[in-house]
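Each structure below is given as structure tokens.
In what comes next, chain A is part of two complexes: it sits with chain B in the first one and with chain C in the second one.
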Partner chain A sequence: MIRGLAGPVSEEPMTTVLRARGLARKYGRRWALRDCTLDIPGGHVVGLVGPNGAGKTTLLKLAGGQLPPTAGDITVLGGRPAGGAAQLARIGFVAQDTPVYAGLSVADHLRLGAGLNPRWDAALARERVERLGLDPAHRAGRLSGGQRAQLALTLGLAKRPELLILDEPVAALDPLARREFLQGLMEAVAEHEFSVVLSSHLVSDLERTCDYLIVLVDSRVQLAGQVDDLLATHHRLTGPRRDPDRLPAGQHVVSASHTDRQSTFVIRTEDPIHDPAWTVSRLTLEDLVLAYMEGPAPAKGRPVLEVRR
Partner chain B sequence: MIWLTWRQLRGAAVTTAAALVVLAVVLALTGPGMASAYSTGITACVRDGGCPHFFDRFFDDYEAPFQATTVIVLVLPALIGLFWGAPLVTRELEAGTHLLVWNQSITRTRWLAVKLTVVGGAAVAAAGLCSLAVTWWSAPLDRSAAPGFTLMDPLVFGARGVVPMAYAAFAFALGVTAGLVVRRTLPAMAVTLAVFAVVQIVMPLTVRPHLLPPVTSSFQLGPENVDSFGKSNDEEFPRVVLQSALPGHTGAWVLSSRLADPSGRVTAPDGVPAAVRVSMTSGPCAPSPQAREGAGGMDACLAELNRLGYRQLAVYQPFERFWPLQWIETGAYALLTLALTALCFQWIRRRP
Partner chain C sequence: MIEFYLDGRSGVSPYLQLVQQVRHALRLGLLHEGDRLPTVKDVVARLALNPNTVLKAYRELEHEGLVAARPGIGTFVTRTLTDASLAAHGRLREDLRRWLAAARLAGLDDESIEALFMTTFRSSSQEDVA
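Moving on, here comes the complex of A and B:
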């Protein structure tokens, strides 16, 4: 049991934890996720970011096996999600709003975790509950939002998964509880070496924790890659006003904004930028994500450009 | 999983158990007294021949508790469907806890199977115990019940023997199914109540009479099956009103009881007074002061009607079929329960 846990992660850190091919999911007539092709390597803390309603929860539920895909396919840790109890045991999932049984005590939750998970780490669970200062006899319904989230995280961690998926775990928490939650998560990752996929609509939550980023906008994956690589290949160019079509071939425009005399582009390129007309500046992770959310067609200034052409 | 299911059921189970214990205590305290009153009454009436009179009086004395216990057994399955069945899944969906439990190392199918088995088992046990206690308690009353309250009568039939367990299982499965389909507790409860009520009305009215082919037979007229005999002034012939009772077949469930004329034709529908061509000015049916007083005059008149060839034409289920019908109906509800359960499993696999 324990052997299989640390094994694949430490020996081959690049195993794919999540592989999606043309994955799509429709609710009624609305596509919640479209044409999603992804390979998430193992051993990362992956941030899934995008505006509300972009399809983050859908993607995570597909990965957790709570939703069947409408089209395409997905494998998680090499297996089909919800492929049975053995597959479920390998994946931890902390759902949005971190639900817990309001009528059950903290101790009851640990007991249900112990009863329902073959790899349950009772010592870890007990220790975490102690460290968090949760009273085992306390009913979960009376816990604060932060404590409830911590309890849900404890259940997810003590399951000793190979991949832990967290859907907006800190969305409802105050800044302090957020930090404590993410800190607890990072400590556990450092100690037990498992992969994490964590979604948020706030980049600031992910900035400190993630080393891999996926940007999901309008039900499509816009960007996926290691944070360091992404930051190294994206640049902000500021200079005299210019049509995006006139940029060199290797430079892909992520977003563009224009004033009467000036243009600002966020571009992705592997090549060095030689044009002396540009002032090149580095992007923060937040700038990068926002650039992808804005997209290459800003409303302002666009009609003017078309008149010029 | 069994522990978790039990832990979630605990509150409701304890409440139900407490209510059942109260009922059992009340029945246990009053039952033996009633049984001994019945047996002394029987011994006495067998000696003086007034048993029909004793039955009437005995049943009248206990009619209120008799009806109350019957209603309890009839209502319990509905309550189980409403408060155990419908919220079983919807409560989890509404609180989001399904996402917690479905992400433990247990498949949804197994989760639902355990929930259905444990809670459904408790539901059947509760209904079974309740029915057992009431069936035991009301045995003397069931033996002396007036027409309309005998064991075979639709309402009493559903509150005795093994069928309450089947009703409870069905109501529970119905509640769970409604919850899975509707996904909200209150609407699911409303749907459960409506469907269960319809099934419980349709079953005795249209299905149960045909679970076994009913018996059709004709009977001579007598005091047991004739309710009234009389003539209004503007009519030429008197009219007979029949009772839903059969001579020599006490406790039979009479589905229809009509008067057939000497040629064997039925002249009036069930429950409607039927004309008989017999003279009321002379002969045994002529009203005379002495005849009207005693029962003898009426008997003579009925004998005259029998001689003319009038008969009661009855369609009925004999009392001996109580247990066969109980088992068949239990089987029918068990099949319905299985079908609903299969639907539940299919639904939980398909739906998020």
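Moving on, here comes the complex of A and C:
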């Protein structure tokens, strides 16, 4: 849970929203997700980022109980993802392209939501629809992309889930609609204190909204951790050409590029960097993610890195 | 009341940007003792920002003794930063002006001046740390 907005600050341990051990899923002969081990603490807005086809949707569907794993183990909010109605009521899922029923009106959607969800918050739904300026009689098929996304978000929020999963919710939206969607989502998180996992292939969507990041590349988790920790422990080093093997033991090379005279490394380290030969600079979240996507690609696959504090 | 903004290209984490903006406003006298900071929900809704980020920034400011949270009411400025150092600003600005004039006279353009300042600034703050 997000801590109370005006309440006393405490550091009590938070529950784990998603726990995966050796989780894997195969489609035919192709592995969509391999060897996924994760512990996502509660109270975060988690960004799941990676290129198209990296396995993001597969991981989210496994978490939402819409897909059984081929191997390994997953628990969400301490239970099996599809473990009965009570468990399903605790998890909201907004699928890719924020689907709605084109032939049904906005009001029909809210009635449907009320009928299907035991913890339905009718006041929240009504208030959001009003504030968005949606006409309840309007058919969903005739709403704009941004409005459809907001309607799907409203249904997800009014379910009052403990965990809301959103698969590429803003990918198809224009910049303004994208911003409005994320504003609405963040406002709801501040007000109702639930955990969020949302995926995107664009880091810029996640830069402000997420405080926990998972990078998925080639069906493997490359990086998982709190954004502030990730930014504090990754640096760009620029200086005279040097072999990566000659970097100190505590500096793990994430990506490297060389010219005949110069080397540029993105490294992960918990230690201060003292070597005066380097110009050390900060990374943006986007730089960081791109560094993991490019990577030095050692022969036996990259290690799974997890940054903890 | 101040309004926060975020610079996505600065490389400074959003939480630190909020902290710096409050400190900056306190230094410039834009925020006074007793002023209320925007609520977490307001900041979040305006900037599409993670609530934990705002909470972290406000906690940091509280830790520095600059603001205090009054449960259920809001977060209020408890101290200003327009203190003793303000008196020294005039003299320092004069020194800096003189230095800048000397740098231009020596043929440095704006970019060279900025680069020289930043490298010197960084190396001297690293010396302080070491």
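Of note:
Here is the rule we go by: the second predicted complex is superposed on the first by the 283 of 309 C-alpha atoms of A that agree within 3 Å, B and C clash if a C-alpha of one lies under 4 Å from a C-alpha of the other, contacts with A are read in each partner's own complex, and residues count from 1 in each chain.
Following the convention adopted for this analysis, contacts are C-beta pairs under 8 Å (C-beta built on N, C-alpha and C of every residue); 3 or more make two chains touch, one makes a residue touch a chain.
Since the structure is predicted, the reported quantities are computational estimates derived from the model, not experimental observations.
In the three-chain model built by superposing on chain A, chain B fits alongside chain C with no clash.
When the two structures are aligned on the shared chain, A:152 is found in touch with chain B, with no touch to chain C.
Rounded in steps of 10, the angle chain B-chain A-chain C defined by Cα centres in the superposition reads 150°. In the superposition on chain A, A:64 makes contact with chain B only, while chain C stays out of contact range.
By the touch criterion defined above, A:22 lies against neither chain B nor chain C after alignment on the C-alpha atoms of chain A. In the superposed model, A:78 lies in contact with neither chain B nor chain C.
By the document's definition of touching, neither partner reaches A:248: not chain B, not chain C. Once the two complexes are overlaid on the shared chain, A:97 sits against chain B while remaining clear of chain C.
Applying the stated contact rule after C-alpha superposition, one finds that A:175 touches neither chain B nor chain C.
Of the two partner chains placed around the shared chain by superposition, chain C is the only one that A:210 touches, whereas chain B remains out of contact. Of all C-alpha pairs linking chain B and chain C after the chain A fit, the shortest spans 25 Å.
Common to the chain B and chain C interfaces on chain A is no residue. Chain A makes touch with chain C in their complex at residues 2-3, 5-9, 43-45, 179, 182-187, 189-191, 204, 207-211, 227-228, 231, 272, 274, 281-284.
Residue ranges on chain A touching chain B, taken from their complex, read 61, 64, 66-68, 82, 84-86, 88-89, 91-97, 99-104, 108, 111-113, 115-119, 152, 155-156, 159. Interface residues of chain C, counted against chain A in their complex, comprise 6, 8-9, 11-15, 39-41, 44-56, 59, 62, 69-74, 129-130.
Residue ranges of chain B in contact with chain A, taken from their complex: 1, 3-4, 7-8, 11, 95-97, 99-108, 110, 350, 352.
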